[in-house]
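Here's the structure we're looking at; comments come further down.
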Amino acid sequence: MMSLLLRDLKLSVRAGGGALIGVLFFMTVVAVIPFGVGPDLNLLSRIGPAIVWIGALLAALLGLDRLFQTERDDGSLDLILMQEHPLVLTVLVKCVAHWVANSLPLVVASPLLGLFMNMSEVAIGAVAVTLLVGTPALTFIGAVGAAVAVSLPRGGLLVSILVLPLAIPVLIFGVSASYAAVEDPAPFMPPFLILLAITMFFAVLGPLGAALALRNASD
Amino acid sequence: MSHGFYIALSYAISALIVAVMLGRIWLDGRARQRELAELEASGIRRRSSAAGKGELA
Amino acid sequence: MTQSLAITKFSDLANPTYFLNLSGRILPWLGCLTAVLFAAGLYLSFTTEGDYQQGETVRIMYVHVPAAWLSMMCYSVMALSAIGTLVWRHPLADVSHKAAAPLGAAFTLIALATGSLWGKPMWGTWWVWDARLTSVFVLFLMYLGLIALNRAMDDPSKAARVSAVLILVGFVNIPIIKFSVEWWNTLHQPASVVRLDGPTIDPEFLIPLLVMAFAFTFLFFTLHLMAMRNEIWRRRVTAQRRMAARMASREN
Amino acid sequence: MRLTAEGLAARRGEDLLFSDISFDLGAGEGLILTGRNGSGKSTLLRVIAGLLRAERGAVTWHSSGDGPIRAGEACHYLGHRNAMKAELSVEENLGFWKSFFGDFKGGTGISAAEAADRVGLGGITHLPFGYLSAGQQRRMAFAKLLVSYRPVWILDEPTAALDARAEATFADLIREHLGRGGILLAATHQPLGLEGMRELRMTGFAGVAGEFGA
Amino acid sequence: MMSLLLRDLKLSVRAGGGALIGVLFFMTVVAVIPFGVGPDLNLLSRIGPAIVWIGALLAALLGLDRLFQTERDDGSLDLILMQEHPLVLTVLVKCVAHWVANSLPLVVASPLLGLFMNMSEVAIGAVAVTLLVGTPALTFIGAVGAAVAVSLPRGGLLVSILVLPLAIPVLIFGVSASYAAVEDPAPFMPPFLILLAITMFFAVLGPLGAALALRNASD
Amino acid sequence: MRLTAEGLAARRGEDLLFSDISFDLGAGEGLILTGRNGSGKSTLLRVIAGLLRAERGAVTWHSSGDGPIRAGEACHYLGHRNAMKAELSVEENLGFWKSFFGDFKGGTGISAAEAADRVGLGGITHLPFGYLSAGQQRRMAFAKLLVSYRPVWILDEPTAALDARAEATFADLIREHLGRGGILLAATHQPLGLEGMRELRMTGFAGVAGEFGA
């Protein structure tokens, strides 16, 4: 399992430059919004957490749809399916590798973007923490889509549509926890704990669903 | 606008959607049955042999 | 060889054949019952009093609420069928959730449209992005996605299995729709009929609402049975065409 | 180790490709599938490897003593595609599969460098897999079978794109594997240069014409 | 050439499920936004044009990086390079096909999304027009990146560095033209004309650069 | 049509794979490349097709009367990969290449359906290419050579994954092509069943050992 993690990390560093494209896209998104909203710094800092979260969601989508497709194309998927390691675990490890290569850099870059958006220190910290806790859920949800994409002779976007709606709760609680950290009346912990719960829920459901789809897709 | 307008429109839209749904399913069923009948008519010789054996099982 | 092939084909269809016979006998009764319920429901919904708060527009409720319920129930039926597909590999289950997807989309569309039409006079806007409305919109998108998925794959049994997985994963949306009004405080009405401590709604509205709800439910089952029969016929036609083509090529 | 198939039938799309295929292989035995293009050789191998569901029939694997085991555990599958990543070096590829596969009880695999040596390409394990020529790639995919021990080898046209010398090497490696009590299932169009193999000739959509012992 | 255009269109319809899917995907993205930003209709209508433009960038990025990669992987690229048709033209046709299949549906759907985002009629029109004029530039820029990705064994990194920064001016002028149409003081034409100029510039430079990269890539 | 190569040398990475390869082929002549895996056959074919730059030397193409022409124009290249899209049906694939290639002057290609017929797979042009078996895919890739006319065929292991009957069909098609004044360049490990071909044996990194007329 460790070897699979290492291989996937190596691959994403060698082949995709995955991390960088995600971060750059993320930065582009964040760079463009101020043009839309105008130079109103107050407003910017108000919508900052939301924008950073939306950017993270979109950046996580890039490349996620090919999580299993490259494996199928060169025949590795067959061998992976045949092994006795529980398939759920294999999927989980692949998700973790993808998260480390693609989403973790976003979490690390988010404070920088927070500064661009004129967010307060507390807000910046809250966004980074909620991203750290919430983005894995996005990866797990996407994995189900990627697994379904493999079974289609022609995968692709179709999958993101099926899966993206499931990401909405993650976004809602991530954003509301970040706001709660800044605005006094609302407490930070409840939405944050719900976010944590969602991530744990999808950490189980995602790999299970993906494994189920992969088993039924093989031909 | 009067409330009556919204009520009428919502009932009309619902009726339209239900009608389209019903019509599509109905017509689809007619087409399928026609196809089955055509196959039955054209392929009796071929099918009867296969089906005869099958029914024994 | 030919013989063994024919045997599998027909043992596969043995069950569907029974289903076709049975549903053929039930359908006329179901259709009549639906029509009667609709007649009664429509009569009641136009003769009862208006609400003092909402005025005449409360009549929209008699369509809106049953359609909204049905949009969720249809998904639940699909989820049950999906379990049937994955666990028992029952061919009827495949047919069932494939046939239900367009129906679910239609009921969701009705709920969305009537909700918007109710929202304009009540809230002053056609659409807001609140939790209830958006989660229903998401449900609509998921129905469309499942329809597209079924179209994109040409091996029906594989399509059934893959979409079954997706249906089950997407089922998390249903509790979100149901409880969204309680988890987030929004513009939308909280549940007043289906709740643990009994309905809080005035019986004046409750009776027509329930009659309409039953009418919609029977409409759904009628249409679902019809669509399932169509789908079975469609599969029979392709199977027999294939067999005919195979025989023809063998004779040559 | 014992591999038994009973009354196998498989479907592709809507078509039944073959039906009623049965065989039984014990330690040191091999079965060669032959037949025309599209007759279902690859399909049969995938059914046996557990990658495709059989329409009817069953495959059972018996390890001496332990009773039935899962398909994937005891076998290596080499398909038409090589299952190696073009971006990684040969060494990394082989190393990954070695630790991912693990060893089946009763044997151990050799190291990646040694395996490359055995297929005659000892010197070039540092190259990215994508740089190799077609035949070299196929040989390295074969080396994958050596880095971890599995008693059953399922090979789909192992010798495609190979030169004569590599074919002889492969034949030697297979013979050695059978000598140690392994089992071989291979689909091929060219004689593999192995003696005493049983042969199963597939005849396309109509099932199996006959099974010839050799 | 016509046959290449048709083939690429067919492929993207089959592979992705077609225009409808792209639009659906775009709609899902837009449906997600209000959850992040909150149901504040005023704010929504203000950031609307920026969101729609970012959606277009995302849609253009999804799949654009594989414009030539699939061709190389199955060997078609060799045959395409060998033909006597000028390579620049071939690249141009492939770009056009990609644009028609992926970006045009978004342009067509953007008014609907504008309605969802509560944008005014003028803003909706302006966004649609700027998208129509600006998205081809994104495709052409992306094509250079895709060609470079094919030629380098580890092209991934370079592509993201190359493509996204070049796309930012397009995005900025597109968004600011849309805003200029709504807000009175700023005139619409200057940014719009600059956008047009950028597109024409990249319509020449993009295919040229891509063709050059492909020629030097083959091995 | 006349194809001349003079003093060709090519490099892969940092290694000179071969040097000083010269030959001259006229209408109806063929040259078979043989040699070990990794000896540079595919590389040489790609140099001749104009897909790789030669390190030294030059390839010239002369059409009768017209003087030199560009490499790509006059030849078909069939590499290790099939250059067909798995998502499109066979018919769509062949149709696309037919209209994209166009015909070289002096001949016309046959229709997609006819070409599929010629390689023995007339009935299944409606299937997506990805559904075909390995050998069927290779045959359809060969059918691509028939849908548009080119005097020179450059084939890299055309018979990989083919059954015996298809090999004979291919040999017939090649013979027919040569009979109409075509030129053949093929790399292969198995005898193609063609008589009177010249053979060029590549010996790997050290250049060429000899050229044997047959």
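Think of it as A, B, C, D, E and F in the order they're written, each chain with its own count starting at 1.
Quick note on the criterion: contacts are C-beta pairs under 8 Å (C-beta built on N, C-alpha and C of every residue); 3 or more make two chains touch, one makes a residue touch a chain.
By chain, with names taken from UniProt: A, E = Heme exporter protein B; B = Heme exporter protein D; C = Heme exporter protein C; D, F = Heme ABC exporter ATP-binding protein CcmA.
Source: prediction; values computed, not measured.
Hopping across touching chains, the smallest step count from chain B (Heme exporter protein D) to chain F is 3. With centres computed as the average of Cα coordinates, no chain lies farther from chain F than C.
By number of C-beta pairs in contact, chains A-E lead all other pairings. Look at the CA centroids: the one farthest from the centroid of chain E (Heme exporter protein B) belongs to D.
Note on chain placement: the centre of chain D and the centre of chain F lie 30 Å apart, centres being C-alpha means.
The mean-CA centres of chain A (Heme exporter protein B) and chain B (Heme exporter protein D) are about 43 angstrom from one another, to the nearest whole unit. In this assembly, the C-alpha centroid of chain B (Heme exporter protein D) lies 42 Å from the C-alpha centroid of chain E (Heme exporter protein B). Taking the mean of the C-alpha atoms as each chain's centre, chain C (Heme exporter protein C) and chain E (Heme exporter protein B) sit 37 Å apart. Residues of chain B (Heme exporter protein D) in contact with at least two other chains: none.
Along chain E (Heme exporter protein B), residues 14-15, 17, 21, 24, 28, 31, 35, 73, 154 each make contact with two or more other chains. Counting only residues that touch two or more partner chains, chain D has 13, 80, 87. Those residues of chain A (Heme exporter protein B) that touch chain E (Heme exporter protein B) in the shared complex are 14-18, 20-21, 24-25, 27-29, 31-33, 35-38, 43, 47, 50-51, 53-54, 57-58, 61-62, 65, 73, 153-158, 160-161, 164-165, 167-168, 171-172, 175. By the touch rule above, chain F contacts chain D in their complex via residues 12-13, 35-38, 42, 80, 131-136, 139, 157, 160-166, 189-190. The touching residues of chain C (Heme exporter protein C), counted against chain B (Heme exporter protein D) in their complex, run 2-3, 6-7, 9-11, 55-57, 59-60, 63-64, 67, 102-103, 106, 109-110, 113-114, 117-118, 120-121, 219, 223, 226-227, 229-230, 233-234, 236-237, 240-241, 243-244, 247. The part of chain F that touches chain E (Heme exporter protein B) in the complex is made up of residues 46, 49-52, 70-73, 75, 77, 79-88, 92, 95-97, 99-101. Looking at the complex, you find that chain C (Heme exporter protein C) touches chain E (Heme exporter protein B) at residues 125, 127-130, 134, 137-138, 141, 144-145, 148, 152.
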